[in-house]
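Order of writing sets the chain letters: A, B, C, D and E. Residues in each chain are counted from 1.
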Amino acid sequence: MLDPYVPLVVMFALAAAFGLFSVAVAPLVGPRRYNRAKLDSYECGIEPSPQPIAGGGRIPVAYYLTAMMFILFDVEIVFLYPYAVNIDALGLYGLVVVLVFLAPIVLAYAYEWRRGGLDWS
Amino acid sequence: MSPTAYLLLSALLFAIGAVGVLVRRNAIIVFMCVELMLNAVNLTLVTFSRINGSLDGQIMAFFVIVVAAAEVVVGLSIIMAIFRTRRTTSVDDANLLKY
Amino acid sequence: MNPVPPPPGYYQTLIADDPFWLTLIKVVIVFAALMLVTLFMIWFERRVVGRMQQRPGPNWNGPFGLLQSLADGLKLAFKEDVLPAARDRAVFFLAPVLSVVPAFVAWSVIPLGPEVSIFGEATALQLTDVPVGILVVLACSSVGVYGIVLAGWASGSPYPLLGSLRSAAQVISYELALGLSIIGVVLYAGSLSTADIVSAQQTGWYIWLLPVSFLIFAVSMVGETNRAPFDLPEAESELVGGFHTEYSSLKFALFFLAEYVNMVTLSAVATTLFLGGWMAPWPLSLIPGVNEGWLPLLWFFGKTLAFLFVYVWLRGTLPRQRYDQFMRLGWKLLIPVGLLWLVLVAALRVLRTELTTGQILIAGGVALVVLVGAALLLPDQAPPEEDPEPPVVADYPVPPLDLAVPPTPKRRRRAVTAAREEPEQGGETVTAGASREGDR
Amino acid sequence: MSALLLALLLVPLVGAAVCGVMATREHLDRAGKAVGLAFSAVSLVLVAIVWAQFRTGPGVPRFQGRLSVEWIPAFGTRFALGLDGIALTMIALLAVLVPIVLGFGWAEKLPPGRTGAGFTALMLATQGVLVGVFAATDVFLFYVLFEAMLVPMYFLIGRFGGPRRQYAAVKFFLYSFLGGLIMLASVIGLYVASDARLGEGTFDWTALQGMAAQLPLETQIWLFLGFFAAFAIKAPLVPLHTWLPDAGAEAPVAGAVILVGLLDKVGVFGFLRYSLPLFPAASRELAPLVLTLAVIGVLYGALLAAAQTDMKRFVAYTSIAHFGYIALGIFAFTSQSIAGASLYMVNHGIATAMLFLAVGLLIRRGGTASMTEYGGVGRAAPLLAGMFLIAGLSTLSLPGTNSFVSEFLVLIGAFSTRPVFTVVATVGIVFAALYVLWVYQRVFTGPLRGAAVVGDGPGAASAATMSGTDDTGDGSWARRTTARFGDLTRGEVAVMAPLVALVLVLGFFPGPVLEVLEPAVSATMAEVGATDPVGPPTPINGVPR
Amino acid sequence: MTAPTFPSIDYAALAPVLVVFGAACLAVLFEAVLPLRGRSRVQLGLTLVAVVAALVAVVARATSGAPAVSTLAEALAVDGPALFLWGTLLALALPSVLLMADRSVEPGGAFVADPVALAEVEAESRVGVGASRGGSRSAGTSGGSAGGGGRGARDAARAEGHTEIYPLLLFALGGMMVFCAADDLLTMFVALEVLSIPLYLLCGLARRRRLMSQESAVKYFLLGAFSSAFFLYGLALLYGYADSVKLSDISLAAAGSLRPDSLLFAGIALVVVGLMFKASVGPFHTWTPDVYQGAPTSVTAFMAACTKVAAFGAILRVFTVAFGSTVWEWRGVLWVVAIISMVVGAVLGLTQTDVKRMIAYSSVAHAGFLLLGAMAITPAGLSATLFYLLAYGFTTVALFGLVSLVRGPEGEATHLSAWAGLAKRAPVAAAAVTFLMLALAGIPLTSGFTAKFAVFSAALADGMTPLVIVALVVSAVAAFFYLRLIVLMYFSEPAADGPTVSVPGPFTTVAITLGVVVTLLLGVVPTAVLGWVEGLSFLT
């Protein structure tokens, strides 16, 4: 009996092989015409205002904020999946517990909303 | 594969994380090492769960994930705050507090 | 009239019996099919958009221009592979792979059809059915983000970086809503296995049972794939080409491929979750035998194509959103609505089995009161801001015609009166404030 | 009598609180001093009443006026007070000396920022705590107060002391505190042992005395050493003495009187009250060690006293020698020697107080404690010289002064059991005569000389600055061509007079005190399990007078 | 699928924890919906009410004689020690809250102004734009008045200060309460994080010396997370050993399990390391001085007092309930740890020039003393340690309250040299500091002495004589640096431009007075508290 995950691995291997092959073959099949300007970073005439980190630039805070919020909510959702699968077995008790579990998160969400953490200017 | 191998792997990961915390000087990397340690623990928990034949270990891993997430959030925000104030994340540069 | 659905886990055991050669065959077929679908999709999109814009679209290569995509692909392969000097070598190479692999892997768990017989082996039209199938899909879409972020980061150039950040922020934001909407389905199906979910829809598609979930899923799906009107990471006007600005040749092609495969994948998932997967639509489903054998492939790809058409349709119709509007939609509408809906569904589901009608009424009353109370506590949405700039009539700004001084807003009025009322304390406050200016 | 005893403890403490409050107001300073003096006077009266009520003679209980209130039941500790003869005499001495030093301090010019009322408050606080230390019959309570008495003394030295007061105060505190902590280990050990042996932990002195004597020798020795460390530092015995000269020299004179005259007595008092009765076997076992230290102390103290040029340090070193005698008497384990030692504790207090005060009067005039700055003071201040002489003679135990009786008792008592130690210690008497008379000669006899006495030399100037005295406003000094200062004022005589009286009265008539001491001494003898070597114990009242 | 069994919940027993967490959630809600003006007052009121109510609930439960229960699927053991520790935590939280709430010394409190509020006000005052999030609009008003109004509002926003500290504090407090009552390691771990994470944040919120404050937050966070990873790995190993993380199950398993003992001992070691980190026992104390110094003083007060209580509460429980059966295997190592802690605390304390760092090292030394009591797994050891925690907590809170009063032009003046001659400027404050210092040194008639006495006698009775001797010597060494501060305050001349001692506001006054009075009372008449702790025992 085959483990149900084996096909996943096979698929992964095939896709990875394809991807790696493409990446590897790309420089070989194409022409090479050296030009110094080609190797520079892309610009379109205006200095972009946020510099890349390497050049001493910063990433806007909002991205971090989004990342953090995502982590919190994602973890919350992860907890909801097992509950959803077992909702019938857990019954009313489970519902109450899940509501108690959700309450602080909703609270935090309201707080975040109100304090402008969800606003992108 | 014998479960011992998993335990060894997780111990190794934990050790790598611990050494990283002690050796590296960049706050973010130190922080990532801590996360590595936490996930090594997850691996241990799941392995033991398998060995013991109970699901408790996996449930505990869930708890660890939550805690790790909370730590990530708080840690990142603190590191970000200090980065915004002094534009570096190196632990070495944080040197106002001395023995 | 409907046949009894197979018990949960039926397809799983069925597929688990596959010999390895069959698995290999399936993998190759699914892979090839995806490549073909992508090629088709590119052509399809251009043709449909073309029609929408009153122009023919590609029609030169092959019948109806069908080979146009293939020609494009071949052309890309023979382009020069430009490697920017500031790149991070290893990551720059790996990012496209990282982006394309999960797109394909996600397809492993999509059920394409029911039980069939291939070379005498009884199996299902599905590469594999794992007990956590939906999570595999979600995981793949999450891993795909790494490809994007790393591509932007490894390019060592501002535009790709910003594009990738945007893209990542977008994907993870909408992934939350996506995950929430899927939970609704899981609540009813009682399983994470995709095959089981499809089986559970034998009695009715979830789009009817969970309309809100479906809507949220549909919107998030577009956001998740960075497609118009949410194609902000590639906003040409702001960010040139987004995270793949510095990519060329086959590497660029891989990103392109990943994007289209993702689109197809999510359409297929939507089909699986809400439209009954491979099951025939209603009037047809009355015909016996229509849900057996190879025929369901047709229904499945038909539904998927319908979703893909909507993708194209959206692109052809809607203008691109502003980034803040986009994030607001995700964070302030989809997530709270999804959450509320979820609680409602769960409560209904539990209460129906646990409580008597009277109890449900009482609980509903209480819930209503709580809801109303919560609604009172909810933060008030800011009304749309009026444009503070005076209207430009000619080439220069003119003041508004009604020169009435608008009333002082409440908050400021209080501040002003407070400042006026405390001149005695004012001195102290000012000095204190002045000394506090030295704060770091 | 229990009530009186409690009052004896509380009156000074209340006085301290009142004075402490008054010290925060500048204008109440004088009033505060007066109030403090009044409180100390009340204490004196109370002591007199207690003394009158104290029963003597054979068959009296070990402690009189017992008072016992539950304090911390969890530790089995009680707020228990009681008096035996030794404690009573020490408390009485305290009650006598405190008004005297307060009177002495009345006219003292204090460093800027310090108030007389604050000084008085600290003195009274010390007195109150010390009463508790002497009267405690609960080991825990004793320990608590033993440590607590450091605090007011620490501030007395640190706030009102000489130029190196910080160093001296911290040194004093740390030495005592360390000793106390080591004792704490033993106290806890006793408690644990009582828990094991009696079924429940207790700190009651009587109960512990009955229990501890049964402990195996090794345990006793360990516990003994814990107590010994604290008491030896406090006493001080020689290798642990170095804090005393510093503290004695830097403390204000009035504080030094209490410090050397009474606070240090807690050390030898502790030997008598705790070391001997609680650990008799260990005491007997380790007696040679203590005796050796005691005799070394006698000689070392005497030699270093002779070498001092600072008069306060000189007094401190003479005290070290005297403490050697006291320890010798205690650890010789005869009725006579122990009685002598107990009496010595009183007498040394009086003698040292007087000597310190005399030195203080001199410093008040000359502005420095250095002997080299003085000479021929006897001409300018004959009364002062007389006072110093009486104090000195008492210190060297001239027959007819109080110290003689006690020193004699110690020596003949100790000779019967420890002849070698006694003989060596006797040499100390010779040294004592030497150093006292030498100092007297250098400072008080001969023609007027020395910067502090005649000139405005650098020593005088710096001394004046140091002590903060202002001599420019006082024209009377300038008129004298011979000496910069005069003899004792009436107030100063009044302060010294009671001490002179005590020196002489106790020198000729120590009976009443010995009578009070006797029951406690014989009880201690019984507790330590020692008997007098020859025949039945000689009645200690029958010693030659 | 078998129907799961649901745990029963003893709400009466959990009432204090529920009150605190409920109030914390409510505070978050308030933070979201209340207008800025006056928010701090509401939050403070809520916090105080919650703490007092929880305290009342604890006392009611303790006096009612209700039996010890292990509730919530045996996650929390509400037994005698737990109730006492809860009471202690709440009682210590009260003055800490008051210290944090005080605004009289520093306008707006010791915490950074709320950035959102500031931004809001700024946006409002911006000339010409004037649109605020509230939807109000002030286009057309003249620039000057808008600027002036903005200025006033800005100051108001600054004066209102940071109100998030209250929910953070409540969450930390709740975490601490759960931490010391947790009956299984997992609950303990979660509680550990719940108490730590708000503290990390609170550390970084100082209004003055912000860099230092943020730095301390980062250090505390990184080391805290590091240590909790250790705790967690230990938990995993013990789970592997005992197939359960319940403390009593671990103890049972240790008595007879087929698994290799190396798992058990490695697990114990790692768990203990994690706990020691939190309790700042040397050599795991490295974060303590930095964090104590960098954090806002009122936060330091809270942290120093309450974290220590919670951590040692957990240590006591783990030692007694889980590791009690293997005490002989691990105690030797802890001897070394205790000695290191005491010696490091005392010796490094000698070299400090900053008051807050000095107290930090003193706390390391005290942690060593506490460990003595905790190691003696006897009823006496338990009660002594509990008493010590209460006594030490109040002393520390009051001490930090006083530290926050000594201020120079740059905010708090914590350098030792700044304290010279303080007694002349502020005799009452100096007297209070002196008294508290004596309490830390363990002078009789202060709570410090009673506590030390209790702990040392418990340790001695359990056969730890050498350790007690070391502890006593260390006490003497440590007394030196306490004395040094007293010497500085009383015997030195004040510097000309030295700091001033602010007149404390009512909140600070109450907090300090409370601390001093309790320190005195526990030194003189500790009977009531000792009577309470005496009969306590863990639920096993």
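Following the convention adopted for this analysis, a contact is a pair of C-beta atoms (placed from the backbone, for glycine too) under 8 Å apart; a residue touches a chain by one contact, two chains touch by 3 or more.
The chain lineup, named per UniProt: A = NADH-quinone oxidoreductase subunit A; B = NADH-quinone oxidoreductase subunit K; C = NADH-quinone oxidoreductase subunit H; D = NADH dehydrogenase subunit M; E = NADH-quinone oxidoreductase subunit N.
All of these numbers come straight from a predicted model, not from anything done at the bench.
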By the touch rule set out at the top, what is the minimum number of steps from chain B to chain D (NADH dehydrogenase subunit M)?
-> 2
Ranking chain pairs by contacts puts first A-C
Central chain of the complex, centres being mean CA coordinates | E
Chain whose mean Cα position lies farthest from chain B | D
The distance between the C-alpha centres of chain C and chain D (NADH dehydrogenase subunit M), rounded to whole Å, is 91
Whole-Å gap between the CA centroids of chain C and chain E | 46
Express in whole angstrom the distance between the two chain centres, defined as the mean CA positions of chain B and chain E.
-> 24
Whole-Å distance, chain A centre to chain D (NADH dehydrogenase subunit M) centre, using C-alpha means?
-> 81
Going through chain E residue by residue, note those that touch at least 2 other chains and give them in order.
-> 29, 32-33, 133, 210-211
Quick one: which residues in chain C touch 2 or more of the other chains?
-> 377, 379, 440
Enumerate the residues of chain B that touch no fewer than two other chains.
-> 70, 77, 85
Residue positions on chain D (NADH dehydrogenase subunit M) within touch of chain E in the complex are 24, 70-75, 113, 140, 143-148, 150-151, 154-155, 158-159, 165-166, 169-170, 173-174, 177-178, 181-182, 184-185, 188-189, 191-192, 195, 201
Can you check the complex and tell me which residues of chain E touch chain B?
-> 186, 189-190, 193, 197, 200-201, 204, 210-212, 214-219, 221-222, 225-226, 228-229, 232-233, 235-237, 239-240, 243-245, 289-290, 293-294, 348
Residue positions on chain B within touch of chain E in the complex are 7, 14, 17-18, 21, 27, 30-31, 34, 37-38, 40-41, 44-45, 47-48, 51-52, 54, 56-57, 60, 63-64, 67, 70-71, 74-75, 77-79, 81-82, 85-86, 91, 94, 96-97, 99
Spell out the part of chain A that touches chain C in their complex, as residue ranges.
-> 1-8, 10-12, 14-16, 18-20, 22-23, 25-27, 29-33, 38-42, 44, 48, 50-54, 57, 59, 62-63, 66-67, 69-70, 73-74, 77, 80-81, 83-88, 91-92, 94-95, 98-99, 102, 106, 109-110, 113-114, 118-121
Given the complex with chain A, which residues does chain C contribute to the contact?
-> 12, 15-20, 23-24, 26-28, 30-31, 77-86, 93-94, 96-97, 100-101, 103-105, 107-109, 127-131, 135-136, 155-162, 165, 168-169, 172-173, 175-176, 179-180, 183, 186-187, 190-192, 240, 245-246, 249-251, 253-254, 323-324, 327-328, 331-332, 335-336, 339, 342-343, 346-347, 349-351, 353-355, 377-379
